[in-house]
Amino acid sequence: MAQYHSVSTRLSKKERITYSVLRLMISAAVILGLWQLVVVAFQMPSFILPSPMAVLDRLGTRYDVLLKHTWVTAQEILLGLGLGLTMGLMFALMMLMFQPLKRWLLPILIASQAIPVFAIAPVMMLWLGYGIASKVVIAAIIIFFPVTTCCYDGLRNTPIGYLDLAKTMGASKWQLLRHIQFPAALPTLASGIRVAVVIAPIGAVVGEWVGSSEGLGYLMLQANARMIIDEMFAALFILAVLSITLYFTTDIVLKKAIPWENK
Amino acid sequence: MAQYHSVSTRLSKKERITYSVLRLMISAAVILGLWQLVVVAFQMPSFILPSPMAVLDRLGTRYDVLLKHTWVTAQEILLGLGLGLTMGLMFALMMLMFQPLKRWLLPILIASQAIPVFAIAPVMMLWLGYGIASKVVIAAIIIFFPVTTCCYDGLRNTPIGYLDLAKTMGASKWQLLRHIQFPAALPTLASGIRVAVVIAPIGAVVGEWVGSSEGLGYLMLQANARMIIDEMFAALFILAVLSITLYFTTDIVLKKAIPWENK
Amino acid sequence: AEKNLTLMLDWFVNPGHGPIIIAKERGYFEQAGLQVKIEEPADPSTPAKLVAAGKVDLAVSYQPNLTMDVSAGLPLIRASTLVATPLNTLLVLDNGKNDSLADLKGKKIGISISGNEEATLSTMLGQEGVKFSDVNIINVGWALSSSLASGKVDAIWGGFRNFEINQLALEGYKAKAFYPEEHGVPSYDELIFVANANTYNKEDIEAFNKAIQQATTYIVNHPSEAWEQFVAYAPDTLNNELNKRAWNDSLSRFALRPAAVDFKRYDDYAHFLYDHQIINTLPKAKNYVPTFD
Amino acid sequence: MCAKAIIGIKIRHGGLQYRGSSASTLAGVNMTIPAKQWTVLLGRSGSGKTTLLRYLAGLLDDQVEWQGEIEVSGNDVSAENIVLHDHIAYMAQQDLLLPWLNVLDNVCLSSRFANVAPNKEQDKQRALSLLEQVGLADNAYMTPAQLSGGMRQRVALARTLMQDKPLVLMDEPFSALDAVTRHKLQTLSVSLLKDKTVVLITHDPQEAVRLADQLYVLQGAPAQAQQLDVPESSPPRKLDAECAALQQAILDQLEKDYE
Amino acid sequence: MCAKAIIGIKIRHGGLQYRGSSASTLAGVNMTIPAKQWTVLLGRSGSGKTTLLRYLAGLLDDQVEWQGEIEVSGNDVSAENIVLHDHIAYMAQQDLLLPWLNVLDNVCLSSRFANVAPNKEQDKQRALSLLEQVGLADNAYMTPAQLSGGMRQRVALARTLMQDKPLVLMDEPFSALDAVTRHKLQTLSVSLLKDKTVVLITHDPQEAVRLADQLYVLQGAPAQAQQLDVPESSPPRKLDAECAALQQAILDQLEKDYE
């Protein structure tokens, strides 16, 4: 029984984009309104929850500083994503190529997820120092689990018919991987990437908390310690915007790159 | 083309359990071995990464203290899971029942994921106090996104045929939800729960770091400050074991409760 | 030829680090033949570990923690003193509810865990007949001022007298301080420099100490110029009213003779920790407090 | 209880258009669905067969505009005031067995939605006897996942019988089965549904030829219903020369409407 | 090139057992698969049809134990030394079109795995002319998702023809299609594969009757191959009384083997 698209999909593309931008803006306005309401209604002292006005004001007056630190964090996020995706893919390939390995590696994977990165941060610092490397690695570790499981699930679940077909055409193991298994895994991989993109910023910020002298996480801790809470929220706001932008950009790119994703 | 199960599934159930317990134990041994190797090979000073032996020793001598704090953290995790699952389910139901709401709530959902809980944890403490409530809420927030998306996806994607059938049998909207949509969503919900179970402990520990007077996170901070690093790692170890146990227990329970999950 | 030194602060740069920043900004380190690289961690327990592991040359730490670290077997020595008095205080809001330590019985005390709080607080409270078990100790992390201001706790321990008092004042709260050294706790040096016991270079440390001493002298003589130069180091985060007030309150706390040694001060405090079972072995000051010029 | 009700339907000048769609799906459909007979609907993919059936089942009320007349005739005095939707049982291509219920509970599904409190024990007995009729007496407490495709569709048949409605709407119920299983299930269905009015959608001319008392082909855009003559013999028919000829004729006719 | 090779196969006393399985799946199978003819295999679900085909295609070499003789005969002098696997094209129930390639690239898929560097331009021309033969000249640059089920299976047919192997193995290639589309594709396949040796698995007796030059039923456990006679006329056959009778006979025979 086919499921038919709702009316909205029959709108022109331009209209749809306009609508969703509009919707996003209205949502933002509603959130800000609620926030202001909470501040006023509960008489929140500004060191607990500053008013959105104060935060916006801070964004305006300190935009140069904020931008500089944003750029640092953005770099860490992107490099972390690159590293984490590569690592996850390689790990998944290893598990695929050497089947029995999988059962042994799974507990390690879960453990890697269960141990808070914070706790091993000193070890990381010891190895990688206080530069960008340690943040990149922490961001990579934090996305490692979802990326690896998605990659592996994708690579493993190639429809057996595709493999049969290619084998009868004389494909080698390597050709199977390159021409069949890898492209067939892309949709699953894409959902891994979507999750990764949402959580990688957290990794970068945590890395900055453990030790750094720049970046949004550094700025937040500083501001927090100085009780300049509106600046902390300004940094937080930028971080959220950064994450959401990253998510939607990735989503659009992935949809373009893998048009067959949703059948 | 049917995919046939590998030999292992033809083993008796008892054998399979024995095997997986064995595998788990061997994995644990391998991890401990690797850990020892790192300590020896990189000549890790014991105050940065103590040897597994030292940590196990600490586990033995301080088991009473560790157990007490473990119990606190475990409570926080379980209550956080309960709260987060309930919230996620309700939120998903709301989005389902009032379709247009969905477009407005989605950005909130993503934002809730994009803002690191760490950052708002201190603020949360000031709202909710330093008792168990704040940790429960942090754990709940951290699992809110995956749970909600899974619930919503599950509830929304009820095969249209099931709905048609029940409607021709005269089911009311409420009966549809209870007898068809909800049970049909369980498998998707289960994957949400699996993710939640892995990350909820992180939420609890972060909460303890930010403000508490007991729990494994508190213990870790204290041991770290007094430079009793093997005790810190003992707490970390328990945390990892707790997470892994929770994961596998949940997995088994879910498999029993939803036997139709994998067709 | 200049020597490269890595110095890790105990936390993000703040006015307590004045002499370090001034020495760097005014070129005293270079004059002493040193090229100093400054790093800022977020967790005060990390720097000492990294010095002990040989990853950094010098770190800012605290006298009580040095004693605990040495007792735990970390190869550390004290190189010099940055702030020669305690900065920690027990703070309450000056609203008439808690006028003496005795009033804290049954109340909540927020702490930022540093390891020696049990010893200190039980001594201070014990003087007024309150047992440690009569108060509720809560780790509030770095939210000391706000937890006190919001009334979530009745007192805080771990705040610095040059910093948290001003912070609260800026938010409109008047705070009352109880000083540990006035309530039975041995006096100690709040901020010190530590180096690796096995690998430290005597000449480097002496050169370093010289630069710090020069900077301290400059600060004491020219407080407002020094403030300008301090802020110039990281205007993004340093230039604000709170730091300005903290700066003024720090001036009188900097050690004028960073290299000066007082074994008894270290041994007394070590005894204090030992008596309260915070440490299990009693290190001797002469073993980890070498003398430098 | 409407167990004794018998229903026939006449559709006159039926037309149907999805809301938000620019063209009609059905127009000028005239069909007679006589009581206690099998009316079979053929037609190319997308011609509107499912749409018509779902409309009759009341599943499209808020999505389509309907024009024309539907006349319900029954042995009941109040036949004119009958609400059609309440007298319908529905069977689809997929068996639609709920995987979280066992076979017996699936058969009893409709009693969960009944307005009156169901008599559990009595329902169970009736379900068991229906399962026996479809040859699955031993499988009552298995889960659907443990059954083969043919067995599952037989459970679906038992579930439909359990509803005991006078009008049974079937949307390609046998098309997911292999030829032999399909053949057996056709025979079984005919014997068990002999007191019901059945509307059957199928893509398979052979199935249509075997089972039809009335045979309609939906053709054109918007689709109209065209009636074809069927052999005199009564269903289920054995394949003979006459059937083969009709089948070939249907194929030839349908092929015209294809691509 | 083996484009000119023509291959026939004889299986004598064939037996097959999955490793790790306690019972044989096939035993004592004797079959003749004559060159340039359609050999059709029927049999109940699980009787081992797919197994036999996949074994011939070399897909089971590391999973099964095979006993018996396979004799390959060809017009080629070196027929005895032929490696069967290299002369096979495979078509399954699903069309197996890769969704990330367009129609043309799907047709050319096999050239990606060729040992010799492919002549791209020439391959493309040949693929386009094959697409024209299956009636999809205009769809060469569409993605598979844009095509209907019947069109997709026609692309799969073009892909198989592109491989240009003397032996074509087909595992229920038409069973996911509706009756009319199936009928048209059968006709098309017969005309385009007339120079090939074809082995076709099907569940549909009518399809078997329409297409078979040789008809085998796999029956029993472990399964044996039993040959049935087919009408004299040449495939694709029109449905007539003789066909209907054979079809009914097959149904009756198969039903015995069912449940």
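Chains here go by letter, A, B, C, D and E, matching the order in which they are written, and residues are numbered from 1 within each.
Throughout what follows, a contact is a pair of C-beta atoms (placed from the backbone, for glycine too) under 8 Å apart; a residue touches a chain by one contact, two chains touch by 3 or more.
Quantities reported herein were computed from a predicted structural model and do not represent experimental measurements.
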item	value
Where chain A and chain D overlap in contact partners, by chain label	B, E
Topological distance between chain A and chain E, in contact steps	1
Chain pair with the most C-beta contacts	A-B
Fitted rotation between chain D and its twin chain E in degrees, CA, nearest 5	180
Inter-chain centre distance, chain C versus chain E - centres from mean C-alpha coordinates, in Å	83
Distance from the mean Cα position of chain C to that of chain B, given in whole angstrom	39
Where chain B and chain E are represented by their mean Cα positions, the distance between them in whole Å	50
Where chain A touches two or more other chains, by residue	1, 48, 122, 126, 159, 161, 164, 209, 224
Of all residues in chain C, the ones touching two or more other chains	43, 49, 53, 142-143, 146, 150
Numbers and ranges of chain D residues touching at least 2 other chains	92, 94
Chain B contact footprint on chain D (complex, rising order)	54, 57-59, 85-86, 88-90, 92, 94, 96, 98-100, 109-110, 112-115, 143, 145, 163
In the complex, chain E residues that touch chain D	44-45, 148, 150, 178-181, 183-184, 203-206, 238-241, 243-245, 247-248, 251, 254-255, 258-259
Chain A to chain C touching residues, read off their complex	45, 47-48, 65, 68-69, 121-122, 125-126, 129-130, 209-213, 218-219, 221-228
Chain B contact footprint on chain A (complex, rising order)	1, 3, 20, 23-24, 26-28, 30-31, 48-49, 103-104, 106-108, 110-111, 113-116, 118-119, 122-123, 126, 159-161, 164, 198-199, 201-202, 205-206, 209, 220, 224, 229, 232, 236, 239-240, 242-244, 247
Of all residues in chain C, those that touch chain A in their complex	12, 39-43, 46, 49-50, 53, 55, 142-143, 145-146, 149-150, 167, 170-171, 236-237, 240, 242-243
